[in-house]
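Shared between the two complexes below is subunit A, which has subunit B as its partner in the first and subunit C in the second.
Now for the complex of A and B:
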């Protein structure tokens, strides 16, 4: 089993990776395995880290975390502090007891606003995001409804002010194509036809073309593949608008083709 | 381990004698020990692959932000605004590096391959239309990068003649304030200002690497204040290094006729040939780092704030790492050489350099049956670069 977790440790410690894993009762088994089976001293394999959620320069940051969505924001808080930026973290969760890393965050004092739902209700997003500020970047990670709500409010903000990471895939409509399309393999030669009921990844696999993948939901980025020709229909939760418009890469686990033919760097 | 236990040398690696022929000094350095103290500049030096690699990849303990030359920015004011890439550390290094990596990524370069191949063929045809004997440095090693790279960045037609003198001074200035630096100093402010002027958005075409850097600023990935300095990195690090990398591979082939025949038989060896030449000649010879705390390397503690000098060229010929290290050999796998650095600061433009080299070597291999160096040629002394002023060659057309 392969899973992706946000590294939430200290980059200046070159020998340790730290992740925070919430047990997902309705998950696919990864978090249950971590909680129930993995023990101290067990060895696990790991792939190189990737970063789909980079901290961009700004003089002010507003970090909005929901639940375990705090993990990618922890190192950002640390970096904002190192950079001497003005920052605020609003951290919501079900109950104070369910919210990870509160002790670690306490050192930052009034910059951190802890919002347990059972005490304070949901995060008052309009209060925090009410007035668009061109100097502020908004970073949000958490459950889908929180991200959706932040995205709605930030529609009034300058473009690229909001940066999000999802760990549950964005809702997608039906694919625009209901007919098969061809995927041409530029490096190995050959063509694979993708029927409407299979993903590109699945069709490639059936044809014996292995592409490393992990989440199969367009979230983790493992199966990123270069597009050499054709127009992909992006159905992932990773690329931003500019990257989608560039059309030079796709995540073959979920994304498809708008035209009859795609040429991939495989 | 105490300082007394570390071997020392009084030799100045930046003296004209060593710069002219650094190999004997580098061998003595490697054989003296994993760490050697240079009394000439008060720094610890590494000549073996293991320690150079360890130093390059330890960005936490050995920083770049205090300068990658001898000058310690904690104590001295840099001669130009520091680079956001070369002379910076995480977290400030992150965003500019990320942007430039994307701008120069393999995906982007694929779109340049055809154009650069055609440019290389045209240049080689022009050169071969002339006499059989010519100087490969101006005719090919300088001409090709100057033909394709400024266009790819999107520079205007004016001021391109400043790029090589600017780069030459920049790479001298990483060394001590010796005669090479003094010679460049009078023009440095003027050259720095002119190159800075070429980095402004309005000075750049709309479709080059420079415009792509500014587009990243528009998306908030770097700030508008950072954009010109990121463009400047392209101009500082992207010309001289490639010129001397190409000179290295041309010198290598012009002195190794059997390897040239091998390339002619299998032109797809062009990429290996370039990396092997970068290993063998190491166009970038040295860089410094500064200890962020007491750091142990090779059994020696480098004190907090101490400068260390990494001899990339020595590491690339360390017999502990390479079999027959002094041979230029297309049958070797040069992977793991540190000619482009290693780790966080590894050359962000290495794919650009490889593409330029591949285009030029492929065009030459198709048209030139033999290329032989005529005489010793002439080195261009530089505190950081192992450079050529002149490589006279005689060619026979295919």
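Now for the complex of A and C:
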């Protein structure tokens, strides 16, 4: 089994990685395995690391974390501190006891706002995001409803002010095509037809073209493939609007084609 | 592109909160790990 976890240690420590893993009661068994089976001394395979959620330069950052969504934001907080940026973290969770890394975050004093739901209710998003500020970048990671609410409020912000990372795929409507399309393989030659009931990844696999993949939900970025021609229909939860518009890469586990033909760098 | 899988040892496991554990991962030989990769794109 392969799972994606956010690195939440010190990125300048070249010898160790740290990940934080929430037990997902309704999960597929990955987190239960980490909690119940994995022990010190065990060996695990690593693919990556990769970064779908980069910290871009800004003079001010607002980090909004919900629950285990704190993990990818933790190194960003450290980096923002290192860079001397003006930053604020608003961190919500069910209860204090369920919120990881509060001790590490305490050293940052008033920059960190801890919002346990049982004490304070939900994060007051209009308070933090109500006034768009062109100098601030907003980073948010957490449950889908939090991300959706932050996206709604940030619609009033300048383009690209908000960056999010999702642990659960964004809801997608039906694909726009109901007919097959062809995928041309630029490097290896050959063409694979993708019927409506298969993903590009599955159709490639059936044709013996292996693309490394992991989540199969358009979340992790493992199956990123360069698009050389044609118009992809993006159905992932990773790319932002500008990256979608560029149309030069796609995640073949979920994304499809708008036209009759796509040419991929495979 | 396919990446070469690296085998890592669990060097530490700790409880970080109710239902949350942290794992510390290191190479069995203690060597340097791949750098955190630079972003694919940025705006």
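Following the convention adopted for this analysis, the second predicted complex is superposed on the first by the 266 of 266 C-alpha atoms of A that agree within 3 Å, B and C clash if a C-alpha of one lies under 4 Å from a C-alpha of the other, contacts with A are read in each partner's own complex, and residues count from 1 in each chain.
The rule we apply is simple: a residue touches a chain if its C-beta (ideal position, glycine included) is under 8 Å from a C-beta of that chain, and two chains touch if they have at least 3 such contacts.
Computed from a prediction, not measured in an experiment: that's the story for all the values here.
Of the two partner chains placed by the overlay, only subunit C lies in contact with A:38; subunit B stays clear of it.
Applying the stated contact rule after C-alpha superposition, one finds that A:110 touches neither subunit B nor subunit C. Look at A:14: by the touch rule set out above, it reaches both subunit B and subunit C.
Residue contacts after overlaying the shared chain place A:56 against subunit B and subunit C alike.
Once the two complexes are overlaid on the shared chain, A:47 sits against subunit C while remaining clear of subunit B. In the superposition on chain A, A:242 makes contact with both subunit B and subunit C.
In the overlay built on the shared chain, the residue A:97 is in contact with subunit C alone; subunit B does not reach it.
Judged by the number of subunit A residues each one touches, C leads among subunit B and subunit C. Legend: residue contacts after superposition of the two complexes on their common chain; A:160 is shown touching both subunit B and subunit C. Shared interface residues of subunit A, touching subunit B in one complex and subunit C in the other, are 11, 14, 51, 54, 56, 160, 240, 242, 249. Those residues of subunit C that touch subunit A in the complex are listed here as 1-3, 5-13, 16-28, 30-43. Contact residues on subunit A toward subunit B in their complex (touch as defined above): 11-14, 51, 54-58, 79, 82-83, 137, 159-161, 226, 228, 240, 242, 248-249.
Remark: subunit A residues 7-9, 11, 14-23, 34-35, 38-52, 54, 56, 68, 75, 95, 97-102, 160, 210, 212, 221, 224, 240, 242-243, 249 touch subunit C in the complex. Touching subunit A in their complex are the following residues of subunit B: 58, 60, 90-92, 94-95, 98, 107, 110, 219-223, 226.
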